[in-house]
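The following block contains the structure, expressed as structure tokens.
Labels run A, B, C and D following the written order; every chain starts at residue 1.
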Amino acid sequence: MEKETSRVEAFSDGVFAIALTLLVLGIKVPETAGTFTNETLYLALLKLWPSLFAFVLSFFTVLIMWINHHGFFKYLKKISPAFLYANGFLLLMVTFINFPTYVLANSLNTPAINTAAAFYCGTIVLVNVAYNLLWFTSAYRRRLLRDEVSDALIFKIRNAYLVSFGIYLAAFAVSFYFPLTGLLICISLWVLWLFLDYEKKVKSK
Amino acid sequence: MEKETSRVEAFSDGVFAIALTLLVLGIKVPETAGTFTNETLYLALLKLWPSLFAFVLSFFTVLIMWINHHGFFKYLKKISPAFLYANGFLLLMVTFINFPTYVLANSLNTPAINTAAAFYCGTIVLVNVAYNLLWFTSAYRRRLLRDEVSDALIFKIRNAYLVSFGIYLAAFAVSFYFPLTGLLICISLWVLWLFLDYEKKVKSK
Amino acid sequence: MEKETSRVEAFSDGVFAIALTLLVLGIKVPETAGTFTNETLYLALLKLWPSLFAFVLSFFTVLIMWINHHGFFKYLKKISPAFLYANGFLLLMVTFINFPTYVLANSLNTPAINTAAAFYCGTIVLVNVAYNLLWFTSAYRRRLLRDEVSDALIFKIRNAYLVSFGIYLAAFAVSFYFPLTGLLICISLWVLWLFLDYEKKVKSK
Amino acid sequence: MEKETSRVEAFSDGVFAIALTLLVLGIKVPETAGTFTNETLYLALLKLWPSLFAFVLSFFTVLIMWINHHGFFKYLKKISPAFLYANGFLLLMVTFINFPTYVLANSLNTPAINTAAAFYCGTIVLVNVAYNLLWFTSAYRRRLLRDEVSDALIFKIRNAYLVSFGIYLAAFAVSFYFPLTGLLICISLWVLWLFLDYEKKVKSK
């Protein structure tokens, strides 16, 4: 059983690592390359800031998701079929995140920014749904959890996932009107996950 | 020997994870990006539904294939050269699946849907052939199987692979005339694999 | 030391798996997709046979290289800096093989086939050089080899690598004039590697 | 704790392996493929030398970074949140290196070479910053280091990272005026890392 859990974790780690690295393919060298002078190449690189912003944003989002996912597995004593589906849905979203990142990079300094930001935030909402499902399939009646996980910790984690769902949903709604604010809300939740991860580490000592 | 089997499994896991994640590269942002307004980007994203459908379809197909492949290795006590070739053929098909997925995404709402669906279902038939070969090289005279695998289970698994071969072949034939029905048959077989996987888990207890 | 060797092997396995899977990106859907009928898509897919041939050719080449590389590590008791460089050069070539594959796919049924086949065979020559270096850094004065590796086996492996170098070089020369014959020689050497691998397995019992 | 460290190392290894292999996608077959003769394809391949140069340059840069990163983990007894962020920043840069490589490949024999080389060297400066941060978070008050790491070794490694920061910064400045000299300085530092790695290995015996 232990081995089974490790395998699913290793496979998930692989998908996270690949999805993370593929993000760089979204930064495209301007097509007229080859006809540049030093000045025009310099200006062309500066103009790529939306791609760089989107790349860094999604890189850290996926990285923090990985840290979180990884912290998750430390509570598990085994996995169930339902957990496998929830995890599959999460991996689908992790992989998919490449696409809204690319759309965002292409729209950040254009009039289409609202739709692009809403698409990005909407994807993050679905990521959050996947984490909620993952937690639910694990923690419901403590089915997959190790004995040393305290009820207080379960309560705290469940709340963090539920509350963050509301906040991400708000970010999604906001992003239709104030796209940058919506993205900023998504970024600011990184702090929550890192804090939660830290707390979990302290608790588990 | 044990270590050898783990290594082949780990390598195969890697190929599965990469093939799965590369699928997202098939979802292409419309080329006129940069000239979009919020409305036109929204419409352009909606128009991408064939790409999204093909992505989700192949993602879960490959994921279930991985779960199945992974369940497979639990029966093995060692591997043989013939098994390695069969596994190599399977990995070839797992990798290849990216291409028919992309063709399907580009043809789903066009008059070329029949050819695209038949190409997709035909690929799945070959995937199934690979699984049949994998099982044959493992189970023939119980050559590579652990002792605890019962004859009844061998019989059941062999039948599942053989019967599903017939069904996939039928889906392939049907898809020339009714492309969506063909794809639906392929999807509905997911249930079989998941059920079989579940049963195997119960049996192995 | 044991752990060190495993790590290098795992990293190499990763590069092999990714290089293998990236090959599928070389099969490109025709650009006029979206305007196809069932007939024209069917014809367009048929026309892709050079891409499919190049994909299958390189997939099995890399797969057999992996099996061989993997068999290699079973003889090693440790690794050295020189071995690391030779292995790095091999990984460079494994990764690079994607490019001549793509060139070959684009030239197989064109007048440029001689250059494309020579480029492909030339790449394989360099791959073979990398294997020779790998073997030399390992087997010279038995520096990195386990004690159970017999002198007869060392002799046999060294000869296989040296002789195959000559054959690959001949294939390279031939391919300038008879491109398909050159490729066929490269393919036919697969048998040698698989046979050698099999023999090694028998010997190590 | 030991397991935790292994996991972060395995995940990082994955990102290194993928970033390394993706580099090959930067070598593009000329777009007019299909209309080539043997002579024009030969000339077209020769003209790709900037892509090949950039590929080999970045491949070995990332490979040596991996060897170094990997040597790093041997000193660690545990990891901290700060270390995780520093490592995340390093992985971001490792992934990002694909992009300046591609820009360099497209500009090496054009008037835009100064900007491209400066962009490349600037990226390497940031990679070096990431290594300095990694070392600082590990070695500050010996927080994460194993007991057997001597003070003399800590001193030597810290100095190597600090001094190399100065040299990379100089390469960055130089590359604006003498692009090839700037790149050559970056390459020549490979020797330092390999030497340091070797020394570390000797020390740890």
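What to note about this one:
Assume a contact is a pair of C-beta atoms (placed from the backbone, for glycine too) under 8 Å apart; a residue touches a chain by one contact, two chains touch by 3 or more.
In this text the structure is predicted, and so the values were computed from the model without any measurement.
The two sequence copies chain A and chain B touch through a face in which the numbers common to both fall below half of the numbers used overall. When chain centres are defined as mean Cα coordinates, C lies farthest from chain A.
Annotation: 37 Å between the Cα-based centres of chain A and chain C.
Look at where the CA atoms of chain B average out and do the same for chain C: the two points lie 26 Å apart. Of all residues in chain A, those touching 2 or more other chains are 10, 14, 18, 22, 25, listed in ascending order. Chain contact summary for the complex, chain D toward chain A: residues 7, 10-11, 14-15, 18-19, 22, 25, 81, 84, 88, 91-92, 95-96, 98-99, 102-103, 106-107, 110-116, 119.
Every residue of chain A that touches chain D in the complex is listed here, in rising order: 10, 13-14, 16-18, 20-25, 27, 29, 33-42, 45, 55-56, 59-60, 63, 66-67, 70, 194, 197-198, 201.
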